[in-house]
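Below is a structure I'd like to ask you about.
By letter and in written order, the chains are A, B, C, D and E; residue numbering begins at 1 in each of them.
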Amino acid sequence: MQISINNLVKEYNGHRVLDVGYLNINKGTILGIIGPNGAGKSTLIKIIGGLEEATSGQVYYNGKKIYSQKDITVVFQKPYLLRTTVFNNVAYPLMIRKEKKKAINNKVNKILKEIGIENLKNQKAWTLSGGEMQKVALARALIFRPSLLILDEPMSNMDPSSIAIMEEMIKKINQIEKTTVIIITHSLQQAKRICKEVVFMHKGKVQEFGSMKEVIFNPKNHITKAFIQGELLIS
Amino acid sequence: MQISINNLVKEYNGHRVLDVGYLNINKGTILGIIGPNGAGKSTLIKIIGGLEEATSGQVYYNGKKIYSQKDITVVFQKPYLLRTTVFNNVAYPLMIRKEKKKAINNKVNKILKEIGIENLKNQKAWTLSGGEMQKVALARALIFRPSLLILDEPMSNMDPSSIAIMEEMIKKINQIEKTTVIIITHSLQQAKRICKEVVFMHKGKVQEFGSMKEVIFNPKNHITKAFIQGELLIS
Amino acid sequence: MGEIWEGFKDAYNLLISFDEEVYKIILLSLYVSLTATFVSSFFSVPAGIFLGIVDFKFKKVVVRGIYTLMSMPPVIAGLVVFLLISRKGPFGFLGLSFTPAAMIIAQTCLVIPIITGIVYNGTKQKGQRIKMVAKTLGADKFQTLSLLLKELRVNVFTGIVTGYGRAISEVGAVMIVGGNIKGYTRVMTTSIAMLQSMGDYSMAIAIGIVLIMISFVINGILYNFQQGE
Amino acid sequence: MGEIWEGFKDAYNLLISFDEEVYKIILLSLYVSLTATFVSSFFSVPAGIFLGIVDFKFKKVVVRGIYTLMSMPPVIAGLVVFLLISRKGPFGFLGLSFTPAAMIIAQTCLVIPIITGIVYNGTKQKGQRIKMVAKTLGADKFQTLSLLLKELRVNVFTGIVTGYGRAISEVGAVMIVGGNIKGYTRVMTTSIAMLQSMGDYSMAIAIGIVLIMISFVINGILYNFQQGE
Amino acid sequence: APTEETSKEVKNSSIILATTTSTENSGLLDYLLPVFEKDTGIKVKVVAVGTGKALKMGEDGEADVLLVHAKSSEEAFVKAGHGLERFDVMYNDFVIIGPKNDPAKLYENASNDVIKAFKLINKGNAKFVSRGDDSGTHKKEKKFWEEAGIEPKGDWYLSAGKGMGDVIQMANEIEGYTLSDRATYLSMKDKIDLEILVEGDNKLFNQYGVIAVNPNKNEKINNDGAQKFIDWILGEKAQGLIKAFGKDKFSKPLFIPNAR
């Protein structure tokens, strides 16, 4: 899915937290969104995902204003899992798509195995550890092959080897199904590993947009530069 | 505060998620806890923090079983902020300690400034961004100078420069007040930067305990080795 | 005082007497109140959920109105329904006065605001997030509603139990629209009121005990629906 | 039907007549039901919170018992209280029969399970986390309770409003223990019941309208307490 | 102690009168009691219930004085030692009321014969609403059915278990017949479509009596006040007031005093 954004503004009580003039996200890309806390990253992707109304401006999906919610998914920063088992959580999107029980079973078992949580299959979602919850939320989004996959810091509580597995899965889906992926992350390392393009946001504005290399090694903007240096400072 | 743990076990319906034979945490240390998702890290610190009952075993605080809850604090993986403003959230621990209004004002303003969120002072906590929430939760714990500070992935959603600031603050408090700090993290980088000692947990057990260098550069255990290699893989 | 203990004895005798009249009264009570609760739930649960997740103009007024109608006296609900269905009322041609159907209608009016209010309250707190998740996973309107129902089942349960409690225990409305006709519209509460007014305290208490025992069982059944936690 | 419209007219005339008796009835209603709601809240809110965060043996039974008592018929509550406080009852020496105090006691019994049940329900869902936060920040028992109250204010509000709605609207209990004595224990609902039985429908509806209007205002006041969101 | 004295004073200054709904709903007590209170300084708390319940309250010592209308039950009450003595106060009468079109033709065939009227209702399969609450009126009605040799049962006979006012309204709604005391009927006449079809039969005589509850029940019973009330209501002044009550509105008194 190709997305283009036109003069998108979001305000809360007159306080502008998002102001994106123009942004084009190509079909099949993996776009990283980076930037400091409160930059408006989550707000932006919620609007793209159709979960929040913009104060003004438009988002076009493949050139149109309309889209099927069945094609787009968002994994939240704080995942909300249904009050049922891990299996039912991951199976839910398939169930509402009325897939056959057997097909659901196979698919769910497969993905749980891939990410190494098949042992948690029957555990109640609210007893999971933080990282396990994120895995379930991600599995639930990956299982139904959306054409636009939006991820808000989806691996912030995962351990390094889980991160490696998840990143591989995302890259594979992107390659095979040409899924457009938008991922917010605070880890430049992660952006480097998986993103084809990257956006740097600051105070609601897109400060920088380009290929990974351009933004990270050759930032046009002094704010971006400072941010990336901060990152280098700690890593 | 010095902590020692004796044969601590936690089971859920007969399923053992924690089994720590002996662990001694010295006063004034900064102890990092690392390990894969579901290893039992959060369970361990909840028991140490007095927030969950162990199935069996003991925790000794300065050699005693009793302790004042006023001296120990835990910052959760998913922070819970009170349904009020940022200011009131951070001021709460001081308020219940019946500090003078003026002193509270000064302290809160100071810490909010230090971590760069003084502009959010009057914002309602539930409208904050993910990283902002973590900052408020951490500020709320640091402000009353506990003698044992337990942090469960406290910076997982923060941007790199905020992380740098926070780490400095924690180190400073540890130095000046001799606060014992226990911090769970999935970032070996972070552990390297701030921890004096580190524990590696796996499947509820402590696999490795020692100085940062020992554990990371010279793991005794093949599981630890594999975990650290996974980390190296992605960084 | 003695009447209270005697009430327990009488309650026991009542139940083991297998008196047809007694069982008819109990069954009619259950039929009327459970139907009213069911009909109310059918409208109120979706309405409460809707109110909890959708914003519109004057929503605050509507919500306050609903909370206010929770204080509607049963006698008034009964009276208004009675005037509407009475011989000379606009719906008089239906011939509903002094029938179980009229009792169901009156109790439904009474219970709707209660269930709506309580369900609304629960939805307000968690509904938005659940709706979002449903949306991101591609649920359509109906699937979203059914997911909300499932996730909010504890609140829905409390609403229904509270509503049922109101229906089964109220006497004002059923007395007026039903008429407490022996063998036809007499229910447990109207019997209690009648026995009480006749000074037969221990029998009144006996029926009260039976009523409470039945409620205990019914709550148990409802409780199982919201289980799975 | 005509009676309903006339009821509105009568309600208006009633209020502007400044008839002392009418105002006395309204004030007594408010005094009795608000006091009962207040007293119940005083016990029920902490009890509901306690139930929601503390685990103990037989907790399930206690909870189901409370839900069941939500279905307690007002007539039974009234009758039991009456038998206890009646002249020959165990508390007869207090001389409470046919007094406003007795009405407050009976309504309190009725409202306690309702508020407890609803508050319990809200606490069950969020109480544990709030309690933990309070603990980690060093709150003592009392401070924890007051934090729980603040954080759960929406649920507490719903409980109190539902309980108040039950109290102000019920007639069975106050009728029995109060006796509907003119100028002394006559409240709005007993007046309504009496007027209704005398066939004075429009006046009954008029008082009903006044009652609902008052509840609208009271709910507004309660609502403001839980605001700040 | 002074507190004891004040409490005694409070006790003396009020009595609980258990009575039937007809005396209160017709407005008689509202009319009489302010005068009594002015004359004696005693406040009367009226608890209006059915005769059965009023007697029960007397038996339990919950009331100080009773004003009811079921002579045989009242006499049994006194005989059992629950009350001190029973006095006639006043009377009115019962009437059979029914719809204007009078399907069972009571007015035509039995306008002053209650037993015949009951037979006609039964034969015509016309609807009859019974108090069904063991009240004085209900006891009377049962006696009439017995005399008529009819067991009232079936779809046509509705046992309501309610007060007089409610039963009149029910009869009005379903266009049926009922037995009512005249006072309650007259006080509701404007609001209903029912008319008096049978009246004047000696059997329809409705005597009200007053009884002081036996003070040996408990120490809270205010026997002094009760005696004062009885003396007053049997006295000339009250009897005159009763005679005048309702004359202006109904052109006939609602109750006819007959204290001896």
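Throughout what follows, contacts are C-beta pairs under 8 Å (C-beta built on N, C-alpha and C of every residue); 3 or more make two chains touch, one makes a residue touch a chain.
In UniProt terms the chains read A, B = ATP-binding cassette domain-containing protein; C, D = ABC transporter permease subunit.
Here the structure is a predicted model, which is why all the values come from computation and not from measurement.
Chemist: Applying the touch definition from the top, give me the chains sitting in contact with each of chain A and chain E.
Modeler: Where chain A and chain E share a partner, that partner set is C.
Chemist: Average the CA atoms of each chain to get its centre, and name the chain whose centre is farthest from that of chain D.
Modeler: Max centre-to-centre separation from chain D belongs to A.
Chemist: Would you mind pulling out the distance in Å between where the CA atoms of chain B average out and where those of chain E do?
Modeler: One centre to the other, that is 80 Å.
Chemist: From the C-alpha centre of chain C to that of chain D, how far is it in Å?
Modeler: 18
Chemist: Return the distance between the CA-based centres of chain A and chain B, expressed in whole Å.
Modeler: Going by mean C-alpha positions, chain A sits 27 Å from chain B.
Chemist: Whole-Å distance, chain B centre to chain D centre, using C-alpha means?
Modeler: Using C-alpha averages as centres, the distance is 46 Å.
Chemist: Counting only residues that touch at least 2 other chains, which ones in chain C make the list?
Modeler: 196
Chemist: Do you know which chain A residues sit against two or more other chains?
Modeler: none
Chemist: Check each residue of chain E and list the ones that touch at least two other chains.
Modeler: 162-163, 166
Chemist: Where do chains touch, given as pairs?
Modeler: A-B, A-C, B-D, C-D, C-E, D-E
Chemist: Which of the residues in chain C come into contact with chain E in the complex?
Modeler: Chain C residues touching chain E: 86-87, 97-98, 175, 179-184, 186, 190-191, 194, 196-199.
Chemist: Okay, in this complex, where on chain E does chain C touch?
Modeler: 49-50, 52-53, 55-57, 132-134, 158-163, 166, 170, 173-175
Chemist: Given the complex with chain C, which residues does chain A contribute to the contact?
Modeler: The contact residues of chain A facing chain C are 49-51, 68-76, 80, 82-84, 92-93, 96-97, 124, 140-141, 144, 146.
Chemist: Can you name the residues of chain A that touch chain B in the complex?
Modeler: 12, 35-38, 41-42, 77-78, 120, 127-132, 135, 152-153, 156-164, 167, 186, 188-190, 193, 226-227, 230-231, 233-235
Chemist: Could you list, by residue number, the parts of chain D that touch chain C in their complex?
Modeler: So the residues of chain D touching chain C come out as 1, 3-4, 64-65, 67-76, 79-80, 83-84, 88-90, 114, 117-118, 121, 124-125, 154-155, 158, 161-162, 164-166, 168-172, 176, 188-189, 192-193, 196, 201, 204-205, 208, 211-212, 215-216, 219-220, 223.
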